[in-house]
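Some structures to go through are shown next.
Two complexes follow with chain A in common, the first pairing it with chain B and the second with chain C.
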Partner chain A sequence: MALDSNRAKMPYLNKCSLIKQGAEARVYRGIFLGKPTIIKERFPKLYRHAVLDEKLTHRRTVQEVRSILRCRKAGISTPVVYFVDYTSHCIFLEDLVGSITVRDHIASSQESGQDPVCLSSLAEEMGKILAKMHDEDVVHGDLTTSNMLLRQGSEDAKPDLVLIDFGLSFTSALPEDKGVDLYVLEKAFLSTHPNTEQLFQRLLKSYTHASKKAPAVIKKLDEVRLRGRKRSMVG
Partner chain B sequence: MQLTSTLELYPDYSVTQLLFKDVKNAAELRKNAMEGLVQGALINPSMIVDPFQILVASNKAIHLQKTGKMKTRSLFSEIIYNLSPTNNISEAFKRFGISDDDGAVYVVLVYPKEEAADISSIVSRVKGQQIPADMISTLTDAAKIKKLYKVSPQEETNGSLLDAVICRMAIKDVS
Partner chain C sequence: MTVVIGFEGSANKIGVGIVRDGEVLSNPRRTYITPPGQGFLPSETAKHHRSVILTVVREALDEAELSPADIDCVAYTKGPGMGAPLVTVALVARTLAQLWGKPLLGVNHCIGHIEMGRLITQANNPTVLYVSGGNTQVVAFSERRYRIFGETIDIAVGNCLDRFARVIKISNDPSPGYNIEQMAKKGTEYVELPYTVKGMDVSFSGVLSYIEEAAHKMLSSGQCTAEDLCFSLQETLFSMLVEITERAMAHCGSQEVLIVGGVGCNLRLQEMMGIMCKERGAKLFATDERFCIDNGAMIAQAGWEMFRSGYVTELPDSWITQR
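Here is the complex of A and B:
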């Protein structure tokens, strides 16, 4: 019923195609003001108190678009925000048509046994961009290789790395938060892509080169890794 | 010449954009709009990068009208307000509305789809030359826009000026 009430506010979504059903949000593809668009809809959570739920959902939506703007201002590529509807909690974003996820790119490069130099320059680029993002005090909250897209620009230019899904992002200057951000990526990276320990080290090295604040973050990353390991030994 | 679009979220509405240069009677037009003789938003074309910017402002204006959240008194003034990066209403009119000595005018009409827009009456009121709406970029003052929207060179390395403008328009209520 609650889902239907949200749908009544945004009947347009009936005409879009659902591409992802998550726990917090649904992602659709459609056309908006004539352009290919990704629509992210946060739906009501029935187990939460309605007023509280509304507040939390609003806050998340606001945080997501603020982080996107903050990144863009710093020169980090993200999809353009076209429109935000705070009544149905929908965000309308530029659809990066023809892009592929970094996840798929790494997987297919590994499969085809392609030149590992290409992947290491990608890892370096990732480290550089994450350093820039953290220097803006944006913590992504859900870094994975699926939340990074490669957009092919002009013919011979190297593809542009675009960060997506700031749904769990927040603003923080704490090295701990940034360290956890990298830890989440490390876990996702190494479990998604086998035999990439060296590649991930490249990423961290480039991160360290690119940010003056990196030593404190890497120190926290080491601590979080240790905690994670201890927990798994106990657990 | 004019550009008519429908809005996916509000399929009952149409938006028509008309662009005029060598305009001699901007003051009169502005007066007409205030008296309700011109049912449209009269915009300073130098602040517009692309017709898409107008569609984003119009879609948002209708959305805010339907949800009872408009900040100004009419749909047309709301379109002008939505173009501005700040929440200051009088500044929005000053920068994005037309001034009496302007030599070019961008007219935006929003109307129910089943009613034909009264395009000929607008065209006959404007003492100027109508040019295709998608020629707006020839009148854009990019330097002024960059300054007003505070677009840094580093932001332009990863997107166009239009991208920067659209993002600020979309997010301004919470930024």
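Here is the complex of A and C:
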């Protein structure tokens, strides 16, 4: 079976522990060159036509690595890329031990009825980081709160916001693409975390302050919001 | 015992169905089919509906062996859909409700599809892929409401397929999508087309523009056949749909998928979704053309649920909406 032969090519993976199977890839935890490592394996999708599957998988692997490196150079926190195997489409990344997703953080904060101020400052931080990323002309393509991690640095320091999952990312200077990027996040945010409209507004405000190119992007965001939702289907 | 009659005519299908406590008693339907190369326009569609609707109502009652007195509630599609046809159908529903002295219920078309899908398949809490000529959405029930997790940011997938059919003049009988599906089965060459997934959303206008422009060139140069284009278009579009469905499932931790809407009839889409589900250990639910395609019974079913929860639509509120 395709899956087994794939794993056979990577006997290494058998020694690692599978931590989750997302929609895109399987994620394993292991040790690489003595360091705790996350291995992201983009396995073949059997429902796709083979040619399409190979093209997509390869493109996404390459794009992910490129975007991570571009962001790092711009000073945005991302996992370190240790190694890439282009035949099996595996990326070996730094394991951010002890980090949690922003999604889990917001969910638990809301559940425990915690001080909303700390969530506000998180939203502001998110806005700032995204502004930096867009100013680098990197469009993430899959912004959700599951794709942002909070890494606790030293005891007292504020947690570090780390961006991950750049598989759908691409380079673009167009406000349209950045606007859609924010739209994707807004939709994911509001559908996953009900009653957080104000929080997201904070994020956008912080984004606007942090980026000089923001006005055009926000304008596009407003336009994109009006699209798709029951537009005329007279073709 | 609650008997609901449902009226559906938001696009080119006009259907009247009767449902009694989860049992579909009748579900007749007519389709307005245009010549190859043409789409259907609102005013013409409304004209078609006007000319057949009373016959279809009669059929629905006869098949169910009921008289108007047996009906408890009249449900109709409030929206979304095309303005003129919606108005035509709403008018008939309103008039009959008043003539028969029964309460009226305005139903959301999309919810109709979902409720019928759930009734027929008995899916428990599925991630729903609703795909038709007018809609493309990934929906899940969360916190007491149906919520949209992913959707098209421009046109619906069915619209993309229908417009492509017009470009290469495929027949619209019984539906352009059905004919594309049959032709795709004979395609062998895979032609690369733009693939646009944006997070949990998809975009089809890019693929459509590309294929509208490239189709003629590719066909006249003999690079590929029309069947190859149909095949490649389906593979590309459906891969995008399966991908966003999978993403929503991963996000919600869901183990069930339900496909509803006209495009849900497509066996290749069902096949691809089935493979994805198998890989994840999830279960796929799909219905056949009686319930995938717009029909009156789905409106009746959704209306039945609403009526039993105590909802009615007062006459002043019985308008229609395109969105």
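Everything that follows uses one rule, which is that the second predicted complex is superposed on the first by the 217 of 235 C-alpha atoms of A that agree within 3 Å, B and C clash if a C-alpha of one lies under 4 Å from a C-alpha of the other, contacts with A are read in each partner's own complex, and residues count from 1 in each chain.
What we mean here is this: a contact is a pair of C-beta atoms (placed from the backbone, for glycine too) under 8 Å apart; a residue touches a chain by one contact, two chains touch by 3 or more.
The structure displayed is predicted, hence computed values, not measured ones.
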Applying the touch criterion given at the start, work out whether A:Leu143 contacts chain B, chain C, both or neither, answering first, second, both or neither.
-> second
Name the contact category of A:Asp160: first (chain B only), second (chain C only), both, or neither.
-> first
Using the touch definition from the top, say if A:Val80 reaches chain B (first), chain C (second), both or neither.
-> first
Check the residue A:Arg48 against both partner chains and state whether it touches chain B (first), chain C (second), both, or neither.
-> second
Looking at the overlay, does A:Arg29 come into contact with chain B only (first), chain C only (second), both, or neither?
-> neither
Go through the superposed model and pick first if A:Ala188 touches only chain B, second if only chain C, both, or neither.
-> second
Touching A:Val62, do we find chain B (first), chain C (second), both, or neither?
-> first
In the superposed arrangement, what residues of chain A touch both chain B and chain C?
-> none
Chain A contact footprint on chain B (complex, rising order) = 5, 7-9, 52, 55-56, 59-60, 63, 67, 152, 154-155, 157-159, 163-164, 166-168, 170-171, 174-175
Any idea which chain A residues touch chain C in the complex?
-> 21-23, 45-49, 51-52, 55-56, 141-144, 146, 168, 180, 183-185, 187-188, 191-192, 194, 224, 227-235
For chain C, which residues count as touching chain A in their complex?
-> 11, 39, 41-42, 79-80, 82, 133-134, 142-143, 147-156, 159, 162-163, 166, 190, 192, 195, 197-201, 235-236, 239, 242-243, 246-247, 249-251, 271-273, 275-276, 279-280, 322-323
Contacting residues of chain A [partner chain B, same complex] | 10, 12, 15, 30-35, 62, 65-66, 68-69, 72-77, 80-85, 87, 92, 94, 160
